[in-house]
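Letters A, B and C mark the chains as written, and numbering starts fresh at 1 in each.
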């Protein structure tokens, strides 16, 4: 793995851990619970991806830094959470970068393992949103990503772009970067302008 | 896989997706959430089965139609849910057919992977009920199948019949069909007559 | 596996099943639900461990007694739960023994599969606490282990001791027993003296 991608990967993990640990603090977990929820948010998507692809043990258990970075980020949140939770906008921006990166990596790994377009898109999205889904399930909440906000759709855009490039025989790093950037842009715009997906019409009420 | 079984498999997926997507609509998820919960309900049991057997990537990620059918079924529910939710009885009947089919397939695959009778029954039931359990966990509810109604028991009847035929050295398609039918009959009768499993005596209240 | 460890393993499973089944009774599940939650509590940690290590099908599905023992224990709880729930202290003590045993086994298996120190500690803790986490998720509750009480910390102590012995080239059964005993002692003392982990300061309230 090139050094640049590893660095981005760890930044993405750290930011996902921040969001998970903050949610843990709000649910008044103890320090261990905050670290667990932060770490699961950071590496849960990648673990689901690796288990479904049969690439076990998952990468995040094989390399200590994938566990150390989210642990440290979660402890930072536990200690300084009033300050961290004031960082609303920077967290949304970094989280969008993590979403783009994880989606693209997951989609590419799925294609490398021989999945077709539909399976690769599904697995790419799962890699991007899986950690957040596990976070919400552990906290007894319906996953935020299923309820509102353009989050999964941003991830889907990136996964489709990667698969399209692959089908065209043109999947290289030069195509992955714009795909990750597309996720990032859609997600940041949606967050800033409060775009939402449609919810069911409820005519009877 | 014979064409007849594939067709039945996809019908089962579609019906499970209907039940999942309807639950998602009732929880007021957005369109993406409805599709995710519908699809997870349809393919979740088979994915758990394949992961536990080490048959990765799971079949439902390797063939696009296993993702496309539940996605389309979920979108149909999202758009026309008032009409779909009025189909109470047909859905129970089709769902019972899906339960029978998924249970029998899961039990047979477990036996093929070398599991013994107890493990094969457990995995057969998990294949049948796993999607519904994941649906309820994603929606923040205690899984319905653990609380009431003869649903898992119907699945258990079919799994035991398949294992018994296998132990007798007689497991062929001619035995699988009556096993699936048995699940179907038990489930439909239980739903119609509102049979329930016993719940704990609570003498202190 | 030596007979002594198998016996301990089954005792640990039985006790974990008791705690799971009691929680199921309190949530007023039916008899099937009580058996499922009891069994998942007993074997869930080991299943997560085996799936993450790629050791599929999991041991608890390959050997019938790993399913039979928790099933019987759960049925016992279903029928005699008022009496079982009065056994507060013995259950805490046996549960602590199970926690120690499962942690040490999980950590050792992770090391055998080539995981490094951080991954082995994480997997050892997951083996110890995973069943209880799944139990609480199935019952729609935030996992107890994330909220309060020295439970995961006790598990972490044992996992670190096993990894330290392994790093020193000295991991034998003679080192595993004291590691499991350390988990047991920390857990029983914490339960008796109501030690807790720190929770976040909430200065704004």
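Everything below uses one rule, namely that contacts are C-beta pairs under 8 Å (C-beta built on N, C-alpha and C of every residue); 3 or more make two chains touch, one makes a residue touch a chain.
The structure presented is a predicted model; accordingly, all values stated were derived computationally and were not measured.
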Exercise. Determine how many degrees of rotation, between 0 and 180 and to the nearest 5, align the Cα atoms of chain B with the equivalent atoms in chain C.
Key: 120
Quiz prompt | Copy pair chain A, chain B: interface residue numbering same or different (half cut) | solution = different
Quiz prompt | Averaged-CA centre spacing for the pair chain B and chain A, given as whole angstrom | solution = 29
Quiz prompt | Multi-partner residues of chain A (at least 2 other chains) | solution = 51, 54, 137, 140
Quiz prompt | chain A residues within the chain C interface of the complex | solution = 24-25, 27-34, 36-37, 47, 51, 54, 56-58, 61-64, 67-68, 78, 81-82, 137-140
Quiz item: For chain A, which residues count as touching chain B in their complex?
Solution: 51-54, 110, 113-119, 122-123, 133, 137, 140-143, 145-148, 152-153, 196-200, 202-204
